[in-house]
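Each of the next two complexes has subunit A plus one other chain: subunit B in the first, subunit C in the second.
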Partner chain A sequence: MSLRDHLKYYWNVKLVGSAYLRWQRWQAERKPRIPRNWRTDIIAPPLKISARTKELISRHYLEGRYANGHKPVAWVTSGGPVEILQALGFYVLYPENHGALCGARRYALELSEEAENYGFSQDICSYARTDIGAMLSGKTPVGRLPKPDLLLACTNICQTVLFWYRVLAKHFNVPIILIDTPFVYKNAPEHAIEYVKKQLEASIPVAERVAKKKLSFKKLKEVVRLSREASELWLEIMYRGKTKPAPISVFDQFIHMAPIVEMRGKPETVDFYAAMLKEVDERIKKGIGAVKNERKRLLWDNLPIWYKLRFLAEYLGEHGISVVASTYTMAWGELAPLIDPERPIESMAKTYIYPILNRGTGYKLQKMRDMVDEFDLDGAILHSDRSCKPYSIGQVDQRNRLISEYGIPALLLEADHNDPRAFADEQVKARLDSFIEMLE
Partner chain B sequence: MVKIPKRHEVCRKFKEQGGKVAAVLPIHYPRALLRAFDILPVEVWGPPQVDVSYGGAHLQPYVCSIVHNALSFLKTGGLDETDLIIVPHTCDSLQGFGSILLDFVKPRQPVFPVYLPRGKRQEDVEFLVNEFKSLYRGLEKITGKSPKTDEILKRIEIEEKADAKLKELYEIRGEFSFESGKAKSRSSKGDALSTYDFYRVVRAREFLPVEEFIELADEVISEYSFVREGVPVILSGIVPEPMEVLNAIEEAGGFVVADDLACCGRRLYGGGKSSEPLKRMAERIIFGPPDVTRGNLIEERFEHLKYLAEVTGARGIIFYTVKFCEPELFDLPDLKNMLKSAGIPSVQVEIDIGDPLPHQTITRLTAFLEVLA
Partner chain C sequence: MIKAIGIDVGSTTAKIVGVNESGEFVWSYIEPADPRVEDQVERFLEKVREMAGSIEGIPIVATGYGRNLVHQATKKVTEITCHARGVFKQLGHGGTLVDIGGQDSKVIVIGPHGEVVDFTMNDKCAAGTGRFLENTAGRLRVKLEEMGNVALSAPEEVKISSTCTVFAESEIISMIAHGVRVEPILKGLHRSLVKRIVAMIRSVGLVPPLMLSGGVVKNPAIRKMIEEETGEKVILPDHPQFMGAYGAALIGLKLGKG
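Moving on to the complex of A and B:
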């Protein structure tokens, strides 16, 4: 780590970059601008907090641009235990979040094709293809991604990340920390939790070696506490969807979930969600709904379709349908009660083994069923995501049971979260139309 | 042609003698533990010829054909003779399969998932031992038996002997020694065993009681020679289904001299060391030949394939992949590049195990073998 790199970091990130982004945010807050062609007759304008989300995310990637040489960099899977790395001062990048950003900005296909030209099959997860494409070509809409000094792959979302991170390890020639979280078919046996705990403990010296410093447990507890606070606030925001009309939709949640995924354990994330909650509460007070004329309320299962968020929000909104809750966004909040800052490693072992993606198909069905009650929903859209087998397998039965056992209208919508080639506009519209008819 | 009894005959005979039969999904599991409970493991790699629409009633089209076919096989009564089902956690798709069985399909037989750790660390071994303990308790419940340490060790010894025989078959065919890596030929004996027949024998390990497998291997070793004509190649992938691919390779002028198939070469486990039986079984699986699904690095697989090519004189590698199989698909671009740099050409063909061998696949194999020749 050189003096030049430190100076570059301070100048570009701390002084110029942050000030510029803050100024941009002030401007946007002073004169909120509604994006072009936004159907304000159907859906509420974007949340005011959007300016702050943009600032947070931009600053995060700006920091990444200058991180190499200034601080250690880790690339981490989205459900990975990040607290130890945060406490050690790592700059943490989540390739899946970067993938989502590329998806939302319609940049994922180009990157995906880079990976495919290299030989990766179209049948592997599109997040992985996007990320590998970015790695191979150096292309990204955020300027530049920092090279990792360390990789952390946690299998609590899928095994795919393990294969994907092996590719990264080979290309960057850096160590991987593996946190293997046995799949929970029913309940996690004690020995599985113990196994995760031991791996977390064993990861500390590896991360310390890369960071070239010792982990302070005091700092770790503080990071874990902040992680819990942010997750609790996020959960509160999700629960506000119980109000009628729902103040925000899942499409808003998808846009504003980036900080809870990639900036857990930071004070600014807690402040951000506290501010978001305040704005959501203001909407509730004023009776503002995410959909102007909310007549029906739905559940969304599985990942978002990043390149079609607005299309779906408006198409459904036109019919007075608000998609108010999602098993996916809930995943980053529902485990908040398990996080115990006084027992960081033990509680992390439990927290990280239990995300919805690491649980059985029956649990997922029960979760959907409960959410339908809790949020008083009229039906569910299950996005059958070609890329994400662990989330999608089981949906055929889940859909059938929602309909036959619980009388809940449910639609299986075939698509892909990041690859627009798997989305046929007309076909989707036709499927949605017949589903909407069923809801009436 | 070597005579091998049919699976259902084997199952029936085993059950008539008072044992139980377990249907086991791919890839790694503790064979000896099952046999200590007098349970015969019979593996389910698909199988190829079933009406896949039954699996399609539960699974999306982008799930691999091994899982689709296994579910269809179960739903059409293919597993009716079995008393339990074991689902090792090999990949996201088999994870989903196990979960669907437990939560929705709910077959008559009890289902036991077994999670396989993805590392080679001390904690991975300990965890797998604990998984085997859970399985032991489950098997105790359904059989009423509680085999003692020495009984399990005895079963492990026999399984290790069978695996040693399996290795011997590979060594004779490849004319090398796993131990020293040196070439080792033997004088030709009896009829030549085709590639197709070689795999019929090797894959009999998927369902024959271990004692019968040892007899079969001994018979083949003493009475047959092996086809070694044409271009020697390594076959890599999950399973050689449809098995006609093996004839197609021979007809195109090649012969398989070694493999890195999940159902075969990736299970040439070494002998165990620990005297604690569950630990011994766990170590054998964890430290077996490189396998993507068990978390080995691409470099380890590359080294293994390079080694196999060196000791057997293989001139190229055929990657025979199942469509939608993520574990395999992630490795291939880098693996193929690394092999190319090491002077080992390769070709990839993708199949759906339920389909007849596509003509296009045969053409690609032929073209590849022609270049190698």
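Moving on to the complex of A and C:
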């Protein structure tokens, strides 16, 4: 870590960059601009908080651009126990979030092809391909990604991360921390939680060695507290979808979920979601719905189709259909009660073993059913995501049982979260049209 | 006297049906699909005018892939809803309807009141559709309308392992090269298509009785093999290929009555 790198970081990030992004945000807040062709006749204009989301995300990647040489950098899986790294002052990059950003900006295919040209199969997760493509080519829409000094992969979201992060470890020649979270069928047995806890404890000296400093438990408790606060606020925001009309749709949630995934444990994330909750409550007070003429309310299962968010929001919105809740966005809030700042490591072990993706298919079915009741929904769309096998497995049965056992109309929609080649416009429309008629 | 018109612009054929006051099937016409959809629809309507005089005030409902190009339509409805409506009216009961079309296949579970309870469509591959047979009919020099009978005439069948139309074709080419006769190949081909369809039926869950519609129904081998594979007797409506257009006309009739 050199003086030159520190100066570069302070000048570009702290002084010029942050000031510029703040100014950009003020401008956007002063004169909110609705994106071109936005169907305001069907759906509500973007949330005002969008200006702040953009500032947060831009600053995050700007910081990443100048992080090497200034602070240690870690690349982490989306369900990774990040609090220890945050407390040690790491800059944390989430390749999956970067992948989603590339997907939403329709840049993922180009990166994916970079990986495929190198020999990675099209059958591998499109996040992994996007990330590996970015790694191999150095291309990214955010300027430049920092090189990792440490990798953290947690198997609570899938097993692909095991192999994906090994590729990264080999390429960057850096250590990898692997947190193995045993699959939970009903309740996690004590020994499984203990096993995760021991791995977390064992990861501390590795992270300390890379960070070249000792972990302060006081700091860790503070990070865990902030993590919990942000998750609680996010959960509150999700639950506001129970209101009719729903103030925000899952498509809004998808856009504004980046901070809860990649900036957990930071005070600005707590402030951000407090402000978002306030705006959502204002919408409720004014009776503003995400869809102007909300007639039907749906559940979304699985990851978003990042390159088709607007299309889906408008296509469904046109028929008065609001997709108000999703198992996916809920995943970053529902575990909030398990986080205990006073017992950081123990509670982290518990929190990180229980994500929906690490639990049985029966649990997800029950969860969907509960959400249909809680949010008073008329049906469900299950995105069968070609890339995400752990999320998609069991969906055929889950869909059939939603229909046959609970009388909930449900549609299986085949696509991919990041690879637009797996999305056929006409076929998707044909299925959506028929499903919409069925809901009538 | 025609009281409502349904037009089904499919991928392989375009169909038009007229119904009377009580929703009975009174007139129909079919042509291979014309890429100039608007011209074809205009021609169809001209035929109605020739026969029935004016079509002023008669509701027109369009369905099928080309429905959005039927500008004269009072309403546009999907094939799923139309097929369910048509078949229910003709047969008078719910159950599981399999519609094998040129471009896609659908399995529709129809409730006791004619409502769509559930449906599924073939995935992005053409292997479960009429196009699968059409594609290979040419390669084997067998007329499409004779395929079914030729297949049934074979005492044995070969296994076509590929479920992809393009790969199936290459598989067939290599079988021909190995001297396998056309009949067993055709029988295997039908089996492969039917297995795809039956998998779709199973994925939504078969609610008997089992009903069939769509152009491919004219092929006797498909019907027989679906019965063999599911163990269920297959029921056919009177005009299986016109069920989409018929259902559309019925929806039109309801619109006309307000």
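Here, the second predicted complex is superposed on the first by the 440 of 440 C-alpha atoms of A that agree within 3 Å, B and C clash if a C-alpha of one lies under 4 Å from a C-alpha of the other, contacts with A are read in each partner's own complex, and residues count from 1 in each chain.
Going forward, a contact is a pair of C-beta atoms (placed from the backbone, for glycine too) under 8 Å apart; a residue touches a chain by one contact, two chains touch by 3 or more.
These numbers come from a predicted model, not from an experiment.
In the superposition on chain A, contact is made by A:438 with subunit C only, not with subunit B.
When the shared chain is aligned, subunit C comes close enough to touch A:430, but subunit B does not.
Contacts of A:57 after superposition on the shared chain: neither subunit B nor subunit C is touched. Contacts of A:163 after superposition on the shared chain: subunit B is touched, whereas subunit C is not. In the superposed model, A:353 makes contact with neither subunit B nor subunit C. Taking subunit B and subunit C in turn and counting the residues of subunit A each one touches, the greater count comes from B.
Applying the stated contact rule after C-alpha superposition, one finds that A:396 touches each of subunit B and subunit C. Contacts of A:404 after superposition on the shared chain: subunit C is touched, whereas subunit B is not. By the touch criterion stated above, A:100 is placed in contact with neither subunit B nor subunit C. Shared interface residues of subunit A (contacting subunit B in one complex, subunit C in the other): 396, 414. Across the interface of their complex, subunit A is touched by residues 65, 77-81, 104, 115-121, 123-124, 203-205 of subunit C. For subunit B in complex with subunit A, the residues that touch the partner chain are 57-60, 62-63, 89, 91-93, 95-100, 102-104, 113, 115, 117-119, 121, 123-124, 126-127, 130-131, 133-134, 292-293, 295, 297-299, 323-324, 326-327, 329-334, 336-337. Within the complex, the subunit A residues that touch subunit B are 118-121, 123-125, 128, 155, 158-160, 162-164, 166-167, 169-171, 178, 180, 182-183, 185-186, 189, 191-192, 195, 198-199, 202, 360-362, 365, 384, 386, 389-390, 392-397, 401, 414. Touching subunit C in their complex are the following residues of subunit A: 396, 400, 403-404, 409, 412, 414, 424, 426-427, 430-431, 433-434, 437-438.
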